[in-house]
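What follows is chain A paired twice: with chain B in the first complex and chain C in the second.
Coming up: the complex of A and B.
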């Protein structure tokens, strides 16, 4: 890519993203020959879908086949563009959108803050201001009065055709919405917000969204109760199995309370934990029971799944899910909702939903990290830090930490119970995203995974390896504490791709598991050093 | 132009055709039978299905018929008596991408 207008080019791919140009990784991950080869899409697929941004495809967008189809495609986009600027259609984000459209000083301070741009070896196609500037110019030229003349006058004309839109859409799925750039911007411009507005336009006006987060995500959640497809009977069956596992592993008898009216706490996990990382909900049950907390889970629709994928791409889907979750809490008359270890669920429920949940739906919502800190610091659990005497580092989920400022509670816990705790560099609100943010951790169609592991997760992998540089041997077992399901999903897949467990002995897991691992009531270690 | 569905492919076996997604999961679980299971297994390099394979497949299917979702992996191991390693030996793509696919379930969804 040579200039911004190339986004409209009718042929060719803007970047090849050559492996040799990517930011180098520490040994032994620096040998390109050892990496899995990139997936080659067959010609029949390539003929149908748009890969003209960078050779990858997150959505499998079909190219328009006729001039009429292209015309219709552009027309719908223009209609969406106008709606984004109207208060009636975009009351949720109009103000933030306008501020980010109007106040960019083109200073490029933000670009070095972006882990995707920098880890890609500064590939221009991933420059965070590239996508934003294209969007800004399209908005100015095509959705504002007198925009066309002004665009030509200022030399900011951008051709609007199917190629422009195909690339803009894919480009909106090359940003994890981590908002590190927004934090760096002296003007407060938020490229991630602009990225999400692009996604929103395509979803809400044109019905185009990744199937993993829409059809098999928020739609499935609204139909069955969970994006995993677990209905109420399935979740209760699975949690009964967790109770049984607790008994088998620890000898403790715990019966997870369901639909208990008047409980202090309604605990909502990311339901993926129950299926894929069951140690985490098991650890929560053990801790809450041992601390004598009055708690319950809900078997109402969406009341047992904190995910709200609409946060990443669609305001209407977002609102539908947020209301269902709050209704489950209202029905049980709980004092508060506690969000389990799920980053986007935190932001969705505790921050963004604040604009929707009014009156008796505005039930207090709290982070599990805070509750866990209070429990650990209260001394109610008998904890022996020497049981956690292995190297531990902490991953800061963007939504909890940079977005919400929940920085210290998890660290207070780790400093108290993990003698070999060490920080990553940088950390806290300056952390790097895991590379799976904004839905990427569950997106795996076409060749998207190659991009997710080689570009999006690259900076995080380097950071994790650097944090354990003093003990690189796979014989020394190490733990990345990642209190977020999405981040864990990314770490599992990323570590598998690079062979991190075999080469470096690094395991990942949640925060609650480390607390239970330190509990002296247990005769056996709770953490099993098996990669899964 | 419906792009959000992804591109379905047609999987052909014994002169029958079924739609599969890009990972080879069939789209209509009702079309499943034991012949199709064998054909799906062969796409993963499993040439014959032994009693051990069938025990896993039948458990997954009966759980799916009752709960409309795949059993959790730990439960699958506990109920069938196979360790995760043994399941990988039988289905090289693993319990979700291998065994569940052969059993005719849809691809797992959500944050899993």
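Coming up: the complex of A and C.
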């Protein structure tokens, strides 16, 4: 890409994202020949879907086939642009949107903060300000009075056609909404917010969103109770299986309490844990029982799944899920909701939904990291740190840390129970995203995964390898503590793609598992050191 | 007289334009939370690493921090030192800092000059007069250096070049010309820049006696005043909103007695988002949309 206006070019791809240009990784991950080959899309697919941004497709957007179709596509987009600027349709984010549209100085102070832009070797299509500036110019030129003349005067004209929109949409799914760039902006402009508004327009006006987060995500959750598709009966069966597993593995007899009215704590996990990382909900059950906490799970619609994918792309879906979760807690008259290890679930429920959960729906919500910290520090569990005497580093999920300021509780725990704990650089509120944020961890698109691993997850992988630079051998087993389900999903796939378990002996997992692994009540180690 | 009239019109546009911008923002609907850490609130120990009240168990039972001490300190560092640019874009920083200080000093010198004019005639305030003279001198030198540097960076530095538009260059040229003509006026003797305010205020009918550069400077300033409210330069005060009302606004509704009323107003708004899963093919209030969890219009019928 040479200039911003190229976004409208009718043919060609704006970037090839050559592997050689990407930020180098430490050995042995620096050998390009060892990488899995990128998936090649066949011509039939390429003719049908839009890959003209960078050769990747997260959405499989069908290209308009006739001028009439293109006209209709553009018309619907324009109608969405206007709605974003209206109080009626966008009261939720109108102020933030207007501020970020109007006050960018185009100074580019923010760009080096972006892990995607820098890890891509400064590929211009991933510059945080690229999509924001295109969006800003489209808004100014096509949705505001006198916009066309002003755009011409200012030299900010952008051609509006199907190519522009196809690329803009795909580019909104090349940003993890990590908001690192927003932290760096001296004006308080938020490129991630703008990215989310683009996604919102396409979803709420045009019904276009990645199937993994809409059809198979929020829609499925509202229908069945969980984005995994588990209904109440299935989740209870699966958790009963976990209770049995606990008995088999540890000898402890635990029966997970369901729908217990008046419990102190309603624990809501990311339901994906119950299917993919059983050890995490198992560890929670062991800890809560050992600490004598009055707790329950809910089998009400959405009451057993903390995910809320609307946070990433759609205000209506977001509000619907948030209200359902709160209704489940209200019904059980619990004292508080505790959110399990799920970053976006934390932010959705505790922060973004706060002002839509009023009256008796505003049940206090707390992070599981805080509850775990209190339990560990209270001395209620008998813990032996020598059981965790292996190198451990901590990944900070953006939603919990940069967007909620939950920084220390998890560190207090790790400092207490992991003698070889070391930080990544940078960490805390300045952390880098895992590369799976904003839905990417569950998205595969057409060939989107190739991009997710080679570009989006690149900076994080480098950080992890650097944190363990003193013990690179695969013989030394190492642990990345990632207290977030989506981050774990990204680590699972990223590590598999690069062969990190085989080459470096690095495992990922949650925080609760490390606590249980240190419990002296258990005769066997809880962490199994098996990659999955 | 025409000059004075134009300046008056420009001043009206300046104040009205900025006021409209502020009032429009103030009147926007109460939005959802979208804070970003670190936030300069709470105990210092927590601020050191960017922690929040969410780190405390039972946070909803504890009082919120209402002190603005840390926020003020943060803002001062940002305004006086351009800390964000210093930390993230060093090559731009020196020039941006010079330009900003040029502007601050120009405004300050003008305010002092106004003070000088409005003081009782015949009173002698040597220090004040010297401050005005040196203030303008410093303002124009820093401002001009900053603008020239930024013009070079904007046109040459690979990080910003592609994002520099006609309007960006125009804004810099406008500011640069104000500082350059100010410099020229400073060298034009006692009738120079420091007497501009007094002449404008006291002797509006004799403005014709000034050299051409005086008129150019005043014309540029006049244009700038009328132009300013329509530019991104309004970030000078709109940062209050981006920082205080968005980035740092972490106040939970548990502490807001009006939350339910505010939400009720928003939920009664009618939305026309057209995707099938939103309002099921028509307009609906937000409360109907939220209740319609299947996206099939059931909420509307309920």
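Going forward, the second predicted complex is superposed on the first by the 532 of 532 C-alpha atoms of A that agree within 3 Å, B and C clash if a C-alpha of one lies under 4 Å from a C-alpha of the other, contacts with A are read in each partner's own complex, and residues count from 1 in each chain.
Rule of thumb we're sticking to: a residue touches a chain if its C-beta (ideal position, glycine included) is under 8 Å from a C-beta of that chain, and two chains touch if they have at least 3 such contacts.
Note that this is a predicted model, so its numbers are computed, not measured.
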Superposed partners chain B and chain C on chain A - clash or fit: fit
Chain B versus chain C as contact partner of A:486, first or second or both or neither: first
Chain B versus chain C as contact partner of A:107, first or second or both or neither: second
Chain B versus chain C as contact partner of A:446, first or second or both or neither: first
Partner, of chain C and chain B, that touches more residues belonging to chain A: C
Which of chain B and chain C A:207 touches, first, second, both or neither: both
Chain B versus chain C as contact partner of A:187, first or second or both or neither: second
First (chain B), second (chain C), both or neither touched by A:396: neither
Minimum Cα separation, chain C to chain B, after superposition on A (Å): 11
Residues on chain A lying within both footprints (that of chain B and that of chain C): 207, 214
In the complex, chain A residues that touch chain B: 45, 48-49, 59-62, 64, 69, 73, 207-212, 214-217, 220-221, 224, 226-231, 233-234, 237-238, 241, 245, 270-276, 278, 305, 307, 342, 441-442, 444-446, 485-486, 489, 532
Complex contact set, residues of chain C against chain A: 25, 28-39, 46, 49-60, 78, 82-85, 87-89, 92, 96, 159-160, 162-168, 232, 234-235, 238-239, 241-243, 245-247, 250, 252-254, 259-260, 262-263, 266, 269-278, 286, 289-290, 292-295
Of all residues in chain B, those that touch chain A in their complex: 1-7, 22-23, 67-69, 72-75, 84, 106-112
Residues on chain A engaged by chain C in the complex (per definition of touch): 2-4, 76, 79-80, 83, 87-89, 91-96, 98-100, 102-113, 124, 129, 133, 153-156, 179, 182-190, 193, 203-207, 214, 219, 222-223, 316-317, 319-320, 323-324, 350-359, 362, 364, 366-367, 370-371, 374, 401-409, 428-429
